[in-house]
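Look at the two complexes coming up: chain A is in both, with chain B in one and chain C in the other.
Entry: the complex of A and B
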């Protein structure tokens, strides 16, 4: 009898302790982000930020942190992060260059690929547009287009195909009363995405709301080849192929796809460092196969740099139109390539403010099975708080 | 033997000391035209060269050089179409300073930034709220000085090239005729570090 009571108490304490510990164990910022808990991801990321600005991954961590802030609606924090990051990314040189050339490439200061720099400038520009500063926003979007030019590709079109920046640059030119420049940029946006009414100047003039909708996850890198010296960009599959926007239950039209960030990332071709790394990889393999000195192959570092901004979206869509001022319920309904409805990807935002006296710029991030929806009624999102 | 060991220790200590002293941060005062940080952005050196060129060109405009009374000039906002944020008021202020230096009283600049405060002060003087030594009319502008800063950047693989053009116009405030226009162009180029190519 005492044995039974002892066993019962033992399992009781064990279960309670396990529950308590599991409640105390915090999730990583990546887990929070995947669940759509962006502000919690931001708080979880804070302890991971390097305190020293000269740390080689300082910019990468600040970009990730800035992403959490942006998607969670903390625009002031996001603006400050992105602004600081693009200044560091734009410098022609960085710390650890010599070490990167001689030893491991990941020892150099992270500066990102052209598509990451372009997205950093795009987010900066969006924050400035929300602050009703189209002149400074235009600077950011033009810088994003310049960053796209840095893509190492032989195809000229791939150096100017960042439709998101073209679209918002056109929007800024229109707000600055330069319709001719606006037409040029909107035409380029349509040329490099999918021609539709959103890229007509008349549609822009007749709209008071402009939504940037992000879906899916950005590309990731992996290594292959001799000595893991070659780096390839991989796509994260996103079943969403069509997004329909409804306002207060009324269908307002389909969003237009602007950019697939995998395509932007993949366009960044072969460079001098890739050749150097491949040579080191081949040398490593040769040395490894030699007798006696084979162990010395560990001294040759040829692994490629797979650092990438993880929190970027996979696809970027745009929707524009005219909505009555006041509070509305916005919903995005997602469909796959066959036209089948994907209810687990649908998302709704409640009490969304539309101001009649200004251009309303909003940013929405779609996350499947958002955990915060199950726990709360109001969904915190990037468009809810005004950055004023 | 002990002195050999001591000598080796002392040599090592001095080497470490010199290296540490060499690695410490330093602060020095530098001339304004000295560019320590190299960048493709336009800097105060470029602004100073541009302002000097504009000022020398502007004082030779016939409407200003041959005017019976010094004409009044007001500044309008400068349009920024470059790829960097800059303070346009600061830029226009630099030009004004150079113009005043080279102009030798040939023109009068109007401070339109504080016109509302001036109007308030004039109202208070005329109502007797504050003392007033003189009462004059506000000056109207004979000319408007406006400008545009433009930049175009090209990138190809590891090379960056930035072209800048700063243009200024003097416009007659009565009939909108452009009586003077001048621009200042320059280019900057940079190459990415080896590890980023």
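Entry: the complex of A and C
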């Protein structure tokens, strides 16, 4: 009898593992995203989106769906998605933190941390910039700066250090012929990132191309302490430390690091909600240690909320410069901290249009093996199956 | 078999499968940095003179406009029609143009792009896989996911989006 069960389990495990390894199981949006197949990730995400707006993770899923749209170049969808998400997060934030004392954190509606709200508005602004709408983009970047001020910290610098929003707000001001405001925002961007020529107004005026290059994975959360009541933000190490941009094979310089999202996420300090949760955690541990009523500790829900916007990048870089109008081959070459080449992160893009009569703003996401052609075949577009 | 041995065997199977799947260093073959020739033209890359409109079975995905109409008509396409009438013809086939919506990268409800069998003819977003696939008329697809008849079309490592020349048999 035991041998029969053993054989059955063996075959069960073998079949499941083989299916997983051979890729027969349909990929999740996360897998598509991590391969750099953003539009496929978006399609795969569509059926998973909660339809009910009151669903606790409605906003979180919409944010991740919006990320797929933005990275995949669907700016129309990204704009609408991010705008809706920010409004939802604002609404939930306005309801206060009192419910944390009673309810379980992960059962509450997702409202996002200040850095997530700031990124939501930054993506919204970027989508609008790519839709050639600097006026509406500026509104989003300014909202992102306000969101950053929601960071709970005693250090005033940390409430206005979101260099990405400062930089793009500066660009928008410049596009709207407000050089004084542009200068102020660019100066702040330089102050809170790495001081370099990209943050000088003259450089911006002499440039027609502006790239936002995102790299790595965003921070993640974990719990610790009594009753898992404390939440800490963790960094995902990104091997890319240096990005060199080449245009038609000509080296055009190094991209500058604008923001490390771990730093932004980590700056969010201690609040009333955290104190309430810690008190619940301590109470839970005390109850658990009591001999007669020990089982009652399960009634106290003290675990912290570790939900986080998963598709965010770790680092944000920028490059700007003046390129001849026409079509070019753009390439990004990546290197680690020791200067070793990381070819699996490199990207090349053909027939990139540079328009002489407007500001060219583009965004790129570095994902390892995104442009790997090993184990791939060429299929004519007409033979592709519609991913619907 | 003792319970200890059974457990050890299961752990061995699982760990060996996992290390086989994830532990090996993955070799990398990058997409070549040399671009091929354009197959489909559309608004953002400009009209290729003489190319036949997609509606008539050609490779031109430009939006009908007074700018492209003279070239189409000089080559015998849509003779005697105005740009507005040609737009109506596209709409009658359910094809959405850049005048209907923009910046969707063909991931909208009408997508994918018409060259991929969809109903969207909005120019794709530069710097994305979709842009290059529409431009060059083919896509890099995982061998496992490719249709059966294309499983042997290995890509060239010299020119992007082209098939590697077959090795000559002696």
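Throughout what follows, the second predicted complex is superposed on the first by the 337 of 388 C-alpha atoms of A that agree within 3 Å, B and C clash if a C-alpha of one lies under 4 Å from a C-alpha of the other, contacts with A are read in each partner's own complex, and residues count from 1 in each chain.
FYI, a residue touches a chain if its C-beta (ideal position, glycine included) is under 8 Å from a C-beta of that chain, and two chains touch if they have at least 3 such contacts.
No experiment lies behind these values; they were computed from the predicted model shown.
Looking at the shared chain after the overlay, A:332 reaches neither chain B nor chain C.
Set side by side, chain B and chain C differ in how many residues of chain A they touch, and the one touching more is C.
In the overlay built on the shared chain, the residue A:150 is in contact with chain B alone; chain C does not reach it. Judged by the touch definition given at the top, the superposed model places A:76 against chain C, while chain B stays out of reach. After overlaying the two complexes on the shared chain, residue contacts for A:142 are found with chain B alone; chain C is out of touch. Applying the stated contact rule after C-alpha superposition, one finds that A:350 touches chain C and leaves chain B untouched. Shared-chain residue A:210: touches no atom of chain B or chain C.
Residue contacts after overlaying the shared chain place A:65 against neither chain B nor chain C. The residues of chain C lying in touch with chain A in their complex are 1, 6, 9-10, 13-14, 17, 20-21, 26-33, 35, 38, 44-45, 101-105, 107-108, 112-113, 115-118, 124-144, 146-147, 149-155, 157, 160-163. Residue ranges on chain B touching chain A, taken from their complex, read 40, 80-85, 153-158, 160, 190-197. Those residues of chain A lying in contact with chain B across their complex are 92-94, 96-98, 100-101, 105, 108, 111, 135-136, 138-139, 142-143, 146-147, 149-150, 152, 159, 271-273.
The residues of chain A lying in touch with chain C in their complex are 3, 6, 9-10, 13-14, 17, 20-23, 37-39, 42-43, 69, 72-77, 130-131, 249, 327, 329-331, 343-344, 346, 348-353, 362-364, 369, 371-387.
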